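Input: structures, listed below.
After this come two complexes, each holding chain A, first together with chain B and then together with chain C.
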Partner chain A sequence: SEPRITAHSTCLIAQDTDLRGEITLSQGCIVHPRATIIAASGPIIMDAGCVVEENAVILNRRKEVMRIGKGNQFMVGCRTSPSTASIVHPTVRAKYVGVEAASIGNHITFKPKSKVSSQIAVSDYCTFGPGTVTLASDPESTALETLEPYTVVYGSLSERRKWDGSAGETERAVKDKEREYLREIMPK
Partner chain B sequence: MSVRYHCSHLADPAPPLPPSYASSSSSFNPLGELYFCEECDAVRCDLCCVSEIASYFCPNCTFDVPSANVRGDKNRCARSCFSCPDCTTPLQVQATGTTEDAGPSAPSGPPFILICPCCRWSSREVALEFEKSAGLALQLQKLLSAKDPAQPEFDALKDHLDTYITSPAPAPTPARSASKHPTRHISHLTQMAAKALHRDVPGMAAAGAVAKSGLRREMKGGGERYGWDELGEYGTKESWRARGLERGDEDVEAMRRLGGIRMGVEPEGSSWYNDGKRRLTNRYPERIPLQTKLTKRCPHPACRHLLIQPDTKSTRFKIKMVAANYLPVVEIGRRRRRIDGGGHGLMSTGSMEEAEVRRKERRRLRGRGEEVDEDMGAPIRPGEVYTFQIAFTNPLYDPIQVRLTQPTAPLPALLPANHLIHIPTRDFIVNPLKDAWSYDDEEEYADMEGTEMGTSEDGSSVLPSSRGTLGPAAGKRSRLSVLATSSGGTLRDKERRKRESEVDKKGNCTKVGVEVEILPGATGEVVFDLEVRFTYRVDDTDGSKPKGAEKETQKGKEEYKHFTFWARVDLGCISP
Partner chain C sequence: MGAFDAPIPYDKAVYIETDTGNKVSRKALIQGASNIVLGGKSIIQTGAILRGDLRRNAPGQHPVITMGRYCTVGENAVLRPPGKMYKGQFTYYPQRIADFVTIGKDAVVEAAQIGSGVDIGEGAVIGQFVIIKDLAVIRPGTVLADATVVSSMSVWEGNPGRLVDTLPETYQETVEASCRSLYQRFRPNA
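Then we have the complex of A and B:
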């Protein structure tokens, strides 16, 4: 189906992207080349200031709206798998393996190549370190697990801990500067 | 799948023990870990080299620490390098305060905190903030020593006893001191110290109190002492009773009853074990330990030449005599399995005659047999025949002639061999290393299938025409055409010849085939030793030759030097 993208005037969407379905991007969103956003069954709504980098995949298979908060950063190659099983067998079924979390809060950073299982609802200010794999604590249950806000997933063993928010303003300032820089450079 | 080289340490080079001896494995190292001493003409490994510390540096800020300061800094970085207590990554310094001109956008200014980029640990969690963004180690030390009562207590005690030690000892009364010499009072001190140490209650305050009570006892007892009377009582800053250490003795007894457990005190904030999770909440970040740059020397007592000397200022080396610059690099790869029937009947013995018979069979069937490419990591099956290619890369600027043999070990193998090796071509030449731009056209042309563009020396490009049909051209080109026709006109001919000789030369790398036949019913690892003897030409070109008379003989003064080394090739494990 034709992609129906509703984008705010300050959005920046590169040409070489794969956007399908009904997607709404609020002001200031930036979509890098080679990013993939697929609203397969239901629409995706992204709030202000989200940045989707190269090879990131956001996928909504469910009929409900997938809401993504503001100020999120989907870095290079991040994705989630549709179910925990396919982290083990990546070739199973899905052609696209994407971020399928039920809901994504504000100011979340998905560092490069992080994977978040679709059983997890991501709360505000979470950080997923590079290369980490976040599964629900109880892989047997099918219930949704909501991560607490300010959770940091880090390390080769994907451990979790809480962040106390220190230096949060510095980070936000840095991200704002990054966004401005992208807005200048990308059209070139 | 590895090829390791033998280092005979300081012994004369000799064939190593066969692989079935576990003790032989220590003399084999991968080529990247070996050095070569030019004076002794011998391979040296890490185990035999003499290492000295050249310099110390911090792995985080790469600051080169002068050796004099290292001990005073307790082998840690004295600047601002700390490691996160949770995940041990180096911490970053971030400003949290606001200065007047920065405005609301980005905080920059004191107070500064440390934050971990990996796990987002913040020094605020341990209430640690800094005033300045540099020299954090010093600030932290001041903060910590202010809280710790041991140091000022020790200083005060030392001052107190200083007056005793340094003040001139009063002339000992002859009645007491007749047989004792004046050093007796020092042994008194050590007696007191020993008594104090027997009470292992932590905290100097307690020891101070013990010394105090000991003193009082001595004074009352009227034992032999010198000058103790003059020494006043020492008042501790903090009474051990106030600190709640009264129960110290009970605790000690309780711990003694636990039995079998070594009593040790782990100082707060130190974390010199690195495994497992460290979930104590009030952990301070540690300063990052320094690392060293080592200088390595040849161990031979007559030699002692430097093999490795690092450059303090940069990451390069002033002297770098690594084995890879002297020995050909041996690699094994391209595994193929014959599928024309690995076993002609069941072979129970690995005798050489039967093996020869089988090999002749295989060669006869070569045209009809097929080979299947296999991954080097796939399991090896018994009863199969595999062919590999061993590649030799020549690091020298002269061509080398290589001879491969199977070494005669000093002792027979402990286990019967589980495989048979056959190397069809044992002697071959490896071309020298040349700079990329000085490769001759002939070599390029003869090896590549004509899809590459070769360039002749005058800069014009040679078209990849099919073999031997080059038109009139410069002398180089005609030589090229002669070579092209002589080295096998058609593609099929070239391939056939290559297959027969199994030698593939490309640049400074030569690949030879090796056939490994795994005996049926074999188990274990397939490991074999190779003796590689290579000969290279050495031009005798020292300036010490006298001129005139020697000049005629200059041309004939080429020397050929040989070098022999042993390599152990490990092909993997046999899985049934």
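Then we have the complex of A and C:
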């Protein structure tokens, strides 16, 4: 399908990105070069302040809308493909992400090369460590598994634990500053 | 290493060779090329991404990514300068890579400094502000947390990356020889 991209005027989309399908980017989204956002079957709506870094892949294979929340960070090489719709708050930052999550909340960080399966609905403030693979706890069931907010997935075995939210505000402030800075220095 | 080692051919149309002997793929993504300094006789393979545009917001030219001689950046590797807050301002810091460094395919490198002779395995993720001293080996798939300091001649592995081994003193000669040999063998086909 021809790309139908609706982007807010404050979005920064680098050249050499691969955007296909019906994509809506709200204010302040930043898409780095070589990022891939494919709204294959259904549209993708990204809320304010998402950052998608190089080699990140956001893929929507479902017919339903994939909504990505605020302040998410998709770092280098992660893979995301949500399979169900969910309202996500603005600012998703994705770097190199290959996330196949069903729905993505707000203020989530997908560290480089993390992967989230399509059976997972990601709640707010989750963090996926670099190189982790997040699968549903019960691989047999086809039901969506919702990760609780503040879940951190880490390590080679992709273990999970809770974050107490400490220093969260400072981190988000740093990310806001980073986005402002990128807006200044990145070539349009 | 020897006279009869297999050459590594590349398609002549895909690579550009500079005066200083750097062989850069046209399909590599080099942003901010004016801020990137390559030492000479280095190889940047197809699909590699070098973000020279993530620079400090200061007047004048300063290199964002510096690489030494005989380095190799593997296919789809990403070299990205690390950034953080300093005195209330967010800024990116330069990435300094020394001679004889081999960065494997699909690696993500956000380190601040990489010493000479370092071998970064395929698919490794090197966090922000990591300092890797000379002659270290980062095994494929290793994930180094932000701000890790890797001591010289050590071997790191795992997610999270941990020290698993150390290397003998003779390792240094072998690394230099193999990097030079790799560069010699990297030739256009036909």
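The rule is simple: the second predicted complex is superposed on the first by the 168 of 188 C-alpha atoms of A that agree within 3 Å, B and C clash if a C-alpha of one lies under 4 Å from a C-alpha of the other, contacts with A are read in each partner's own complex, and residues count from 1 in each chain.
Please note the rule applied: a contact is a pair of C-beta atoms (placed from the backbone, for glycine too) under 8 Å apart; a residue touches a chain by one contact, two chains touch by 3 or more.
In this text the structure is predicted, and so the values were computed from the model without any measurement.
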Please determine whether it is chain B or chain C that touches the greater number of chain A residues.
C
With both complexes overlaid on chain A, does A:Gly131 touch chain B (first), chain C (second), both or neither?
second
Mind working out whether A:Val76 is in touch with chain B, chain C, both or neither, as first, second, both or neither?
second
Taking the superposition on A as described, I'd like to know which of chain B and chain C A:Asn55 touches: first, second, both or neither.
second
Once the structures are superposed on A, label A:Gly155 by its partner contacts, choosing first (chain B), second (chain C), both or neither.
both
Touch test for A:Glu169: chain B only (first), chain C only (second), both, or neither?
first
Contacts on chain A seen with chain B and repeated with chain C across the two complexes
129, 154-155, 174
Which of the residues in chain A end up touching chain B in this complex?
127, 129, 152, 154-155, 159, 161, 163-164, 166-167, 169-170, 173-174, 176
Which part of chain B faces chain A closely enough to touch in the complex?
86-87, 94-96, 105-107, 113, 115, 118-125, 277
Listed in rising order, chain C residues that touch chain A in their complex are 29, 31-32, 49, 51, 53-55, 57, 76, 78, 80, 83-85, 89-92, 106, 108, 123, 125, 127, 141, 143, 158-160
Give the list of chain A residues in touch with chain C in this complex.
16, 33-34, 54-55, 76-77, 96, 111-113, 129-132, 154-156, 174, 177-178, 180-182, 184-187
